[in-house]
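Following this message is one structure expressed as structure tokens.
Per-chain numbering from 1; labels A, B, C, D and E assigned in written order.
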Amino acid sequence: METFLEKIKDRISVNFELDRSSIDVERKRVDVQIKKEQIPSILRYLKENMNFRHLMHASVVDWLEEGKFEVLFMLWTPKEKIRVFVRTKLDRDNPVMENLDMIWPQLNTYEREFKEMYGIEFTGLVAPEEFILEDWEGPPPMRRDFDTEAYAKDVFSERIGREDAQDVRETIAKRSGEVIPDFAKKHSR
Amino acid sequence: MNIIILILILFFLGAIITAFSGKISALVQDILFLIVLVVPAVLFFTGVDMNTESIITFSQAQLTFGMTPLSYYFSLIVMGLAVLAGFYTVGQMNGKKRKGYYYLNYILSIGAMFGILMSKDFISFFIFWEIMTWASYLIVIYNGKNVQKIGIKYFVMSAIGAYAMLMAIVLIHSITGSFLITDLISEYTGMTQGMQLLIPALLLIGFGVKAALMPLHIWAPDAYSNAPMSYTAIFSGALSKMGIYGMVIVFLSLLSKVPEGALIRDIVAWLAAITAAISTLWAIKQDDAKRLLAYSSIGQLGYIIIGVAIGTPMSIIAGLFLAFMHGVFKSALFMVVGAVEKQTGTTDLTEVTGLIRKMPWTFLAALISIIALAGIPPLGGFVGKWMLYESLILSDHFMLVILVFFSSTAAFLYCYKILFGFFLGQEEKEWAHVKEAPAIMIVPMVILSISSIVLGTYPQLILKPINAAMMSFGLPDTYGNLWKESILFNKWGNQIALAPIMYGIMLVFVIVTIFLFFRNRSRTRYVTTKDISTSGEIIKEHENLTFSRGFFQPFLRAVEPVMKRQIDKYMLSFAKGVEDLFEFTRRIYNGNGQTYAIYAMIFLIILLMFGKNLLG
Amino acid sequence: MEGILMSILGAIATFLLAFVVGMTYGGIRRKVIARVQNRYGPPIYQNFIDAFKLFSKTTAVHHGAMHLLGPAFLMVSAVVALMIIPVLRDNIWFTNLNFKGDLIFLIYIMTFGPLGMALGAGQTGNPNSAIGVTRGLSQMVGFEIPWVMALVALMIKYNTTSVVDLMNVQNEVGQWLIFQNPFAFVAAILASLGMFRYAPFNIVGAPTELASGPASENGGKFLFTMMSAGSVFAFVKLTLLVDVFFGGASNLIELVIKTFLLYMIPVMYGVVNPRYRTEQAVTYFWGWPLLFGFLAIIYSVYF
Amino acid sequence: MDYGIYQDKLTRIVTDIARSHSLWILAYGTGCGAIEVPATMTSRYDAERLGVRGAATPRQADVLMITGYLTVKTLKRVIRVYEQMQDPKYVIGFGSCAVNGGMYWDSYNTIKQLDLYLPVDVYISGCMPRPEAVLEGFAKLQEQIRAGEARGATKYKDNLDYYRGNQKKIIKNWDFPDYNW
Amino acid sequence: MKRERATTLYFGPQHPGITGNMMIRLKVEGDTIVKATTEVGYLHRAFEKLVEKRNWVQSFTLMCRFCVPEPDPVENTYARAVEMIAGIEIPERAKWIRVLILELARMSSLLLWHAGQGHSLGLYTMGQWSVGDRNYILDLFEELTGARIYHMYVWPGGVRKDFPEGFEDRVLKVMDYFENKLPDYDNLLFENSIFQKRTQGVGIVNPEQIIEHGVVGQPLRAAGIKSDIRIDDSYEVYDKLKFDIPTQTGSDIWARALVRRAELRESISIIRQVIGKIPKGDFNVKLPNPQKWTIPAGDAFARAESVRGEVGMYLVSDGGNKPRRAHFRGAAYVHAVSLLEDVLVGANIADVSAIMNSLGTCPPEIER
């Protein structure tokens, strides 16, 4: 199995200039990192030449500390049952990428989501402006520097009583006049 | 001078004067037009009775004019509609071009219809028939749209009818030696069996074209929808009834005399029933109000022909009553469409929506006429339908009943479509500017709608002339037998009393309306049609919320086999054949339709004048 | 004077009877459905509560005159049909206007209400309403044909177009028409499945497709009117079937038993069937029901 | 003696009883609580015993069930739907997240206090509330109606400015038609 | 802007025919759909944002709320993803219990599908029966986990509690009950000619679209492709169980219904096998104090076969006590948006709801 994975990794690295690559035998996984310009070609190569026809998932991770977005595509081949993770890093200040939905139509949905949630621009993406959020004015909410708690405190008013009702059991007991035995008290939290 | 001749001269002179009076002023032309329509009508209703008869003699031919009870009945339709549609015409043609041309042909065709009804011999009958055809043809091509296609279709079909009729007349003359209709009737029973069938068949082809019987109907949708609506009201309401008039004579005075006539009668009745069913389905498919009503007219004429063709007293009453009713409600509907067209500029049911609050009177006229058309009690359409069903059941035409019932139920579909398309549904911004039509157009419509209501309660108003007409053909007196005042009977002794039904429904309606309408109305507030439950979403500006395209798509999918397999292919091949014929004729004459029409007419008149000599 | 008073009282009594019976049957229907679905179900008077609640609800908005008139049309049609139909045999109280109950008139007056309602639904401007109406009208063309065939078969056999005469015929012969011409009954009952608009023919207001169709914009009093007119209509249809095929009823108990048993046919058929698509619902009636209609006519003519 | 008062009172009592026994829920599953509504309506719990049944459009419905959290996008639709419902109308807040935001207390997209935006008659707590709890909620609502206390719609009408203010605070693009009652 | 040609129908969010809180903007001509646009976002609670502020165990309580009808597969993928990163090996018994739970959840969700499919076509009795019977499964859940819907049971490191006494017998009893009941369902739904007429040849997903769109679950299997994550990419102890992957070739609603019908039976057989084979032993491993529990940096993608198809959880740890990123992939993510928009074009208005139910559209897992 290990040699097989190595072989796949080698085959990819012969054709593409990889930033980083690794294999994980236990999870039957090949990880490659690549420049964003090569993403369309590597995906197409994997799909058409190496039979990784199934796009399991695509995701974005915000590495705020590095100032990068990591975009990754998780591919799978039902025949050999091997996963390939293709990663790329985007500049956090100017996250632009090429549209990929001609390779897998479902990527259109993913791209709409990433655009809205992370503010990543996909050049050439044809889709309605809004996907999940409506009339959203703040920064893209899934970015790590967006503080949802502060936003929620600011926009929605919290119901009074939530903060002191931390111990639900005690509060209910107090309200109903029930006496909680000592042994039960420590489990009440 | 005889009053019939006077009326005819009035019509024809008046037509020419009106046509040229446009040079003076448009108002004078309008007034003259109305005078030319109203004065003969007044003269007719006051001066003409059953005894007036007059004979004009040309070199060797005699033209005999006179009135029979049947022609009196049809004259009622023609004269009444001519006057009402005349007023409407003045409103509708206001500001249009070529008014003189239009008025000329309008009056000519009315005069010709009157002439047909008054003719007692085949020569004058045929002359007026041709004048009527050409005048209406010239109006069909008035708009100048698709003249080649539509005009020629009408023209060719009319020519077929005219030649069939001419052939029949020539045959009659060669056998009887006379052109008089009464002579034909008296000598018919003595003819050979072949002639007994051939002459009525040829005549029926001639009349069937005008009455749009099935194989001969292909001109009608195009011609009806292409003429200005004010004329289509006449076209469908009165002109098509000339075919019925002829058929009544053929069926009652000829075919009922010989046993073989039953075959032709049944064939015609079946053809008419199939016409009714198929054209109803086609009407449902139409998205243009004019074409929808045109197909609907073909279907309704089908019912009338069934009634006339079956030939029992009750079915004839039904057919003739429906002929009158059809004149009333279908003209009103064509007028409604014309009013909408004038105010909005289109008759596309998928475009126009939500006019009810802008054109309430037009809507009211349309609503009442539609209820009458659908045959829903207590309006006039129901009376005719009831008698038709009863007569069909009583004369053992069970399959015809089912067919007629199918088409009249399917008619609800297009009835709703036309009401919904124009008046109901969303009120869109693009029609916000629309105003109610001028009063001169509204009043005729409203009068016609009121007559629908009145005739539903008091059908005796026209059952009396119908009865007189039938008695003149030797049929038994039906008063007290099939109807008595506003009560209808059938042979089995079942009866339906219309007046109490009307009063009953009105009473319930008033009570319910007071309880619901006014109560709800005072407590509720009008909101626009944009304020509807849209699943919680808020409507975007450009989104279309009117459901108008593919209105009866599922139904049409259900009846698709019928429409696809039979009529569609048949119609297409027939139309193609007609087009080929047209190509052929064009190669010969190489002129436009109008010149050819006039040539042909002159040729026919000459032929008729000297036909006696030619035939020896 | 006494006659007028009597007929007015009779009319009111008939209406109340039809209303109560129709509503109760609706309640029983809900109960029956609940029992089929393993539930306890609402009380059988639940429909009265619903109706009263709808009546007491504010109805704040309307979309124009036809919207207001639509339910009124429905009600008028239901009431007139009720007045025409002979409810009981030889009972002066329920005679009303019946002119011996002409069948053709009945067929037409019963289509009048739905058409009026269709106009009301049309004016609301809700596309769901319009689609529902087109579906309903299409279905009507479907079921009217076997229905008329069944009635025509009876008319030509007994030489009458009146319901009262048909009832008398059954009385004289001593045999119900369902046994005399079973084909006609089958055709009529299959057509009545469409008339009741229960599943599988509930395509007009199909909730999962059109969000209740023509009734989409009608709440409160509008819905109350529609509901009560519907109940009266159900009573009219059932009584008509009983009159024509089961010899009518001589007293109220007989009427209730007969109509109830007939009512259970569409109800039971509806519980276990999903809904047809529109064209399927239309063509359904042009299959077996039409065949039975033909058989009925042939049977009437030749036997 | 003035019988009018008694007459009014009697009518009110009768109508209130009728209203309480005929609650038509609007078919709108605003959140995940919608999963227990079918269970409540089916054989074991059978809410139809209490006269509860579904209604397809807001014009016909009496009860608006907010089944769980409300996102801002849904809130906009809910307000529209609520305003299209006919008086008298009731709102049931369903689940902890409708009560006080529940576990989504710090989410940027869900509201935390339903009664700021709509007048709530009954809250049912729990995540999920069991069907029994839902039934009890209905029973509670019925009690309130019979006691003449469930006057949420009147409250909404009278304090429209307050509710509008709260609503407009979080709904940015306010393109509603006017509320008509 | 000029008025559009086609009529707009708002199919949702407030609509009896929609599955959950979403919307399809339909453009119709006649009763044929010419364009359909899916709009989602009515249920966006930002779970994936909230986990940034919650530790590994607190996040777990959010995870099960991704999808209402079947929370357990999601819990399971999360638990397995955590275990993968943290390198936790869970006891054998826990794996078997998980399979049992997952299959019970599958059954409960399939019963809900029966209800939905019946409801969408107007057969309300089906829904009443199956949702009513589903209560017996929920009773089992309640007994085992304390909750009917959100079980929070499949825990990183095993499961939360062991079986109560006699639980196996009660499971078997419920299975017996269902085996007796399923013929009734067949009678009512699958053998109903109207149901067959309504579903056969309706809502066909093109075979080319299937691979292109990454369609999973029953739509895939109904197109004749034998694919199931439980076998293809086996997890827990599915490789030790014998079960069949039902397939059909019609690729229409009817084929998908038949696949689901067979799957319900397979689930019962799996549960019987699990009860028979389940080993004794621990049911979880002890976890450290949740507040201080840190997991080494790394990422993992765990996938599972939920009822509506493949689901997956992409989890990233940066070495802290909170997840860096948890990204869930629902089966409906592709079905509900791009695929549904394609399938609905040309369909009948009457079939929209049925098609949605048949594809297994579940809005909460799209927007999370």
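By our rule, a residue touches a chain if its C-beta (ideal position, glycine included) is under 8 Å from a C-beta of that chain, and two chains touch if they have at least 3 such contacts.
Predicted, not measured: the structure shown is a model, and the values here were computed from it.
Novice: Shared touching chains for chain D and chain E?
Specialist: Touching chain D as well as chain E, we find A, B, C.
Novice: What are the mutual neighbours of chain A and chain E in this structure?
Specialist: Expected: D.
Novice: Suppose you hop from chain A to any chain it touches, then on again the same way; how many hops at least until you reach chain D?
Specialist: The fewest steps needed to get from chain A to chain D is 1.
Novice: So, comparing C-alpha centroids, which chain is the farthest one from chain C?
Specialist: Comparing chain centres, A lies farthest from chain C.
Novice: Compute per-chain Cα centres, compare each with the mean of all protein Cα atoms, and return the closest chain.
Specialist: It is chain C that sits nearest the middle.
Novice: Out of B-E and C-D, which chain pair has the most contact pairs?
Specialist: Most C-beta pairs in contact, of the two: C-D.
Novice: For chain D, which other chain has the most distant CA centre?
Specialist: B
Novice: With chain centres defined as C-alpha means, what is the inter-centre distance between chain C and chain E in Å?
Specialist: Computed from C-alpha means, the inter-chain centre distance equals 44 Å.
Novice: What whole-Å value do you get for the distance between chain B and chain C if each is reduced to the mean of its CA atoms?
Specialist: 36
Novice: With chain centres taken as the means of their Cα atoms, state the distance from chain A to chain B in Å.
Specialist: Each chain reduced to its C-alpha mean, chain A and chain B end up 73 Å apart.
Novice: If you average the Cα atoms of chain B and of chain D to get two centres, how far apart are those centres in Å?
Specialist: 59
Novice: Two or more other chains in contact with one residue: find those residues in chain E.
Specialist: Residues 7-8, 13-16, 28, 31, 41, 44, 46, 49-50, 53, 128-129, 132 of chain E touch two or more partner chains.
Novice: Indicate the residues of chain A shared as contacts by at least two other chains.
Specialist: Within chain A, the residues that touch at least two other chains are 133-134, 141, 146, 148-149.
Novice: Which residues does chain D have that touch at least 2 chains other than itself?
Specialist: Answer for chain D, listing residues that touch two or more other chains: 27-28, 42-43, 54, 56-59, 73, 76-77, 81, 106-110, 180.
Novice: So, with touch as defined above, which chain pairs make the list?
Specialist: The complete list of chain pairs in contact reads A-D, A-E, B-C, B-D, B-E, C-D, C-E, D-E.
Novice: In their shared complex, at which residues does chain D touch chain C?
Specialist: Touching chain C: residues 14-15, 18-19, 21-22, 24, 27, 42-43, 46, 48-49, 51, 53-62, 85-88, 180-181 of chain D.
Novice: Under the stated contact criterion, what part of chain B meets chain E in this complex?
Specialist: So the residues of chain B touching chain E come out as 428, 430, 533-537, 539, 541-551, 553-554.
Novice: Sort out for me which residues of chain D touch chain B in the complex.
Specialist: Residue list for chain D touching chain B: 28, 57-59, 76-78, 80-81, 84, 175-177, 180.
Novice: Show which residues of chain B lie in contact with chain C when the two form their complex.
Specialist: Per the stated touch rule, the residues are 354, 356-357, 367, 374-377, 382, 385-386, 389-390, 393, 396, 398, 401-402, 405-406, 409-410, 412-413, 415-416, 419-420, 424-427, 490, 492-497, 500-501, 504-505, 508-509, 512-513, 516-517, 519-521, 523-533, 535, 545-548, 551-552, 554-555, 557-558.
Novice: Along chain C, where are the residues that touch chain E in the complex?
Specialist: 33, 36-39, 127-128, 131, 199-200, 202-203, 206-212, 271-278, 280
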